[in-house]
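Below: one structure, written as structure tokens.
For clarity, chains are labelled A, B, C, D, E, F, G and H in written order, and residue numbers in each chain start from 1.
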């Protein structure tokens, strides 16, 4: 390996500019890092970094403001869609996204996400669903699979006591204010690529002021699930997707019937 | 009585409902965005904003809840916009977490609480029973926010501009503490509104435009030492506010034997009692805090030196009276008269309490 | 052996999660057990640069943006 | 000089508007004034009322504990407000709807068939304007001109066509109030109109 | 040091984490239902309850939020069940409205707040900065709830049963105010739990069974006079609690020159400072409120008579110190030492502050 | 008309026993009264009165506890489903219902209703949708029709500023914990009868512990809408039903495919 | 005219909303303008008992449970 | 007598467990004890530590400002905790991972290749037990028997099979700690094992 050669090489992939030069606090193999990267790649590609105001949430991604080269505001747990609404309404030409976990978006923040969607706010919710409360130590989330053991469902989630996984993105897709709702995953390289294109469509629709957009990303929590990172990704692919089917749930900006 | 008076002779005042007057004053003070949720007795603020803000090309949102409203306010305020939120007691309780975040992340915002009787769903009658909440312990953590308490609709109008000014000068939420009486009554208002100058800011989120470092508005400081430092900064700011921003008013205090300490509607009732008392030879004066935090501690001490006693009157079971006692520290007898649940004390009850204080 | 190296690996940021290792279609990535980086992990290393096709799959799955990938030159001598 | 008036009746009788007219008239005269409603859409049914204080100096409590005058347009209002009128005060009773006669001997009672007069003036809904006329006839809290000016202020724009009827109703009430014949009844001063 | 000691000689104590000890104590105190939402530093309470409550055939729900939790508690408590809720500062803020409703509708319930640094998201370090919130102004309206502050895990265990007892005796929510240190530390606990006797009740909802008049649990009293009456009843109850339920502890106060007033973890730090000070001839004593409301006002006055001064130590910017000053009313100098944001003051800092008080 | 005859008459309809002998505070012609009556009729027919604990909400129906001969607990605005959850879990053999308006259930209480459904709580939500905040003076609700004028949408609801009507019951029907979700109305005598049968099915399923049940009733608010009572009912029939189609949205206890 | 009266009308509770009037298929209900009840409303009255079929529709739409409806006797002389 | 110990290292090194064993041993001896972790899953990465105080009288602050002893198993812990050790105190350094030598001249330093000894004992993860052995060898805060009893208490049920290895690791550390040869190095008392 010589320095000369390096200089001549043509880069086909490199760390996106929109990311700060820091290593993240995420556990090894955590999907949050992948999603961050995809978002940052799109910021680069769509030249959004300078026009973006990010809206953080409370969860493992609470430090997202450390990683993106965009302005950022922190929200109370679950309230990011309301905070983003406030930002976007007074800064109508900015690109505004929330970055939320499943505890944040699908539990405590249910009302805020539903009504941001109902109002058709021109914001994009990036919804990282790892089926668990990562940050607080791996408790059950509304999205936790039936039978899944967590620190607050030690015998596995029992629907009689703890109910059923919440298909929140499907619910949001029903609302006319939702321009676009889709579910992707970062479980495999292929799915990572697909997830990026879902995010891209959402970002484009926000730019077109088409209304509320959300992309759910099925991700992992190797630490909370007690698995190695590769095993956790396999679990997403083999088991989680069964409960949360991937695809575009609604794309109201498209002509013709809604694709699913 | 002046049956001869004609429209021409009248000063240019208009009758306005307190809620509407505060809302219009906020608009005239350059409020960029309003977020609210209906609740009695302040729904007219929301309703006026629903009509007027779009007319002015500004932002109005009826949020899905008070939680939604306060957090929309957090977002809008984080960009540097001038933001108003209003609610009444139960709705204010729901905003405790958001207020703590806003105080912690130092974003300016004005919140009106048109108080009603509590606890719980309570009544919709006028009350001052959220004094402790506003002044001491609404949200968690070590923070204070300036609290302004108007006693008339005209004053409420003037204080709206002051509230925005304070909020921006100190990067802090500010509470305007009114009650059902002030919200629902109509009184003359001179439309001499004020639109405070905008300050230069270097903290608010407007996107980097590729020209500066990213900015972050947050209350998180995970390392306790860092948070302690932030708290030290906040406390220094609070001390500065306490030193500079105390507001109060007095009436006929110089020759008074008895000083009634009261704010807002209670001070209005006290004024009637004072007049009746004076007409019967009872020398009553009034000390009226306008900032409830910072409380006019030194000013109260100075104003009451050598008096026979203090009567604190509140539409509550006794809340501000603690701040009065903290100021007085046993130097004078401090009495209390309160009515709760949406009931107003009558001027005669107040007078009677004063009379008892001077009775042997 | 060739002089062309298709990847730069920012070993400082690698957390040894092995996602890239499992994903690489040519099995040319492995943890370097001989090294512990500043974060306390064994970082990834490219075991056989010649077999790497610059397919970018490793970069796509890496949560820590460890990889820079270079195009294999047309006239590569591998 | 300070004068506190209570206006009370059923929700549909224009209670709050009547008080507003009085307050606006006082404003026009450059006086201090406060208007305080019984508020709250959370409170359904029952009797609505408002309090208007007109004064020449800053007003203390916007509520009155002893009213100088009151207009009561329905039976429950009489029961509720007769006791709170100050000695020597005035109560204007809508005798079309309220059969009872105020019992107090230390106040002046104007029994005015407001609904009937309003109907004659063209609309039941003018009832409170009639009563206001009666009130001002006997307690000139504000000038008649000021009331007319107030009506013009408050009924502007799309409501301007109502000014005339309201003004006329006020005048009818005023006239009736002036005309009412005073009689003594077990010490009570009753000013009865057409009873 | 006793390398000879064997298992047999040891008393029957077990090491327990504060959070788990409080949770287990609640179970042993007959807690029928627990509702919570995860938050650091109290997640272990929820986790232990998740495991143990179903084992005991009782109710555990991880709610969708703290709002959900407190309102589930309201429902369960309205039936007369013994109910526990726990959270930490930001989550407690979200419960302000629910607490006001529970106080207003007089339902018993125990709420644990394992405080962390604030305001806002703050840190997760131990803190006492929610004192004002717990004691003065959490929810809107005129109400008070008993607040118990343990200083050790063993005491926390004992107070859990007391908390349920108080709650039921007075039909009131009760707050147990702990902090991150108490929640996270392990200390020996004697599993001598207590399950308070159940009282006869005639207000709780169990359905009429066609045999009695319907019962209503509510805080609504739309007529202000009615609400005022209800408030008068509540205030009388609060006065009774204040008279009967004050708890406090003192250490070496008799011969002390300086009295440190501190509760919870701050009192533990004070104890170390006291020992160090005494070893250097500084006569320090400790007055430790266990009930923060009702605050041991008269007891503090009595205990500090003739002393040189008081040092209040808190993990906050100074909150309880107001109640100390309200009690002392200027009779003695009252000093304050606090650390914020999750930082603990060191015993030497405390000692230094004491030393300054006696320095000429 | 003679007394004798009266004595001999056979009653085919009378005021249900489950109602207290009081007149309500509702405005003339308000649908809340009709819904109360239907619920009370079912209490009589199903002998539920003695076993029921009602959970009130904040809205015009806040005094419901005055009218039903059942125990009742008041909830903070929007939180009735959480309160009902608490009641039902510790009193598992009781019949528990919430009675909520659209502001209460579909705005501030969104998270609570979604998660009560997700947990499959054995409670019945009686959801009276009159498209407005009746109690506080006729402000816009999330359910308000597009273009509808209210005190907080004085120019009519504009979807760009205020978003779209929220199909909350459809959203709840998506959740597996929901055993039954249906929408009826009280706009016409026929619909009143139909609404009762929807309520009956919901009550029966709660009795069978089938999970969460909800019946939305499209109702009126003559005062808030500024209409006479008959005109308001006509408006429901002609306009409101267009936005909120009537029917059984899901009945998971039924064999076979879900009926709609 | 018959002696059978198919309805009892609890006029105290009637709020004069007219929902029943519009709903009655036989148009035999009307407000009694001559009466104002304790609630302040003109209550409903049955204008023609003979034409009433005891169809219960009025009771079904009445928000204030004003009606008690009786079965028309088989041997009714109407 | 009161003794405060800090145990610090990477998350995976059994830091909290090690402190728990010490605390449990003290409990078994009927002593007062408190164990305080650096807590919070919200805090990812970095160094974990806990504080154990063993005492014969009620314990004040559960945190120590001047530790009587410390176990440091990774480099950042040395930097963080060396300064907080009391004069005359002991620091046990995992010399397998920590290259630096404590600089303070007023404390005793035991340089113990804990990871290496643990590996010899069968498992890297036993590292903290080895260190605890070294600590107890030089500061008999609790008896050896009590440590073994504590391990039996804490590793009950499904974990019982681990008792033996942990006990053995503790003993190896203890032996090494006893064996370590003391040397003076610019006034420092260094107790070096195999360096």
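By definition in this document, a contact is a pair of C-beta atoms (placed from the backbone, for glycine too) under 8 Å apart; a residue touches a chain by one contact, two chains touch by 3 or more.
Everything numeric here is computed off the predicted structure, so don't read it as measured data.
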Requested in this report: Starting at chain C, find the fewest moves between touching chains needed to arrive at chain E.
Outcome: 2
Report task. Compare the CA centroid of chain A with every other chain's and tell me the farthest one. Result -> D
Report summary line: Outermost chain relative to chain F, judged by CA means, is H
Report summary line: So, in whole Å, the Cα centroid of chain B is separated from that of chain F by 39
Query raised in the report: Using the average of all C-alpha atoms in each chain as its centre, how far is it in Å between chain B and chain E?
Result: 30
Query raised in the report: What is the distance in Å between the mean C-alpha positions of chain B and chain D?
Result: 34
Query raised in the report: In chain B, which residues are in touch with two or more of the other chains?
Result: 40, 43, 61, 64-65, 67, 90, 97, 101, 105, 120-121, 124, 218-220, 222
Query raised in the report: Hey, what residues on chain C touch two or more of the other chains?
Result: 39
Query raised in the report: Going by the touch rule set out above, which residues of chain A reach two or more other chains?
Result: 26-27, 62, 74, 76, 107-108, 110-111, 114-115, 118-119, 135-137, 142, 162
Query - Residues of chain H touching chain E in the complex - result: 1, 20, 23-24, 27-37, 39-43, 58-63, 65, 140-146, 149
Query raised in the report: Which of the residues in chain B end up touching chain F in this complex?
Result: 37-40, 43, 46-47, 50-51, 54, 60-62, 64-67, 90, 120-121
Query raised in the report: If you look only at chain B, which of its residues touch chain D in the complex?
Result: 1-7, 9-11, 13-15, 40-41, 43, 124, 180-181, 184-188, 265, 268-275, 344, 346-348
**Report entry** Complex contacts: residues of chain B adjacent to chain E
**Finding:** 89-90, 92-94, 96-97, 100-105, 115, 117-125, 127, 129-143, 218-232, 234-235, 316-317, 319, 322, 325-326, 329-331, 339-343
Requested in this report: Over in the complex, which chain F residues touch chain A? Could you list them?
Outcome: 107-111, 114-115, 118-121, 142, 159-160, 162-167, 170-171, 174-177
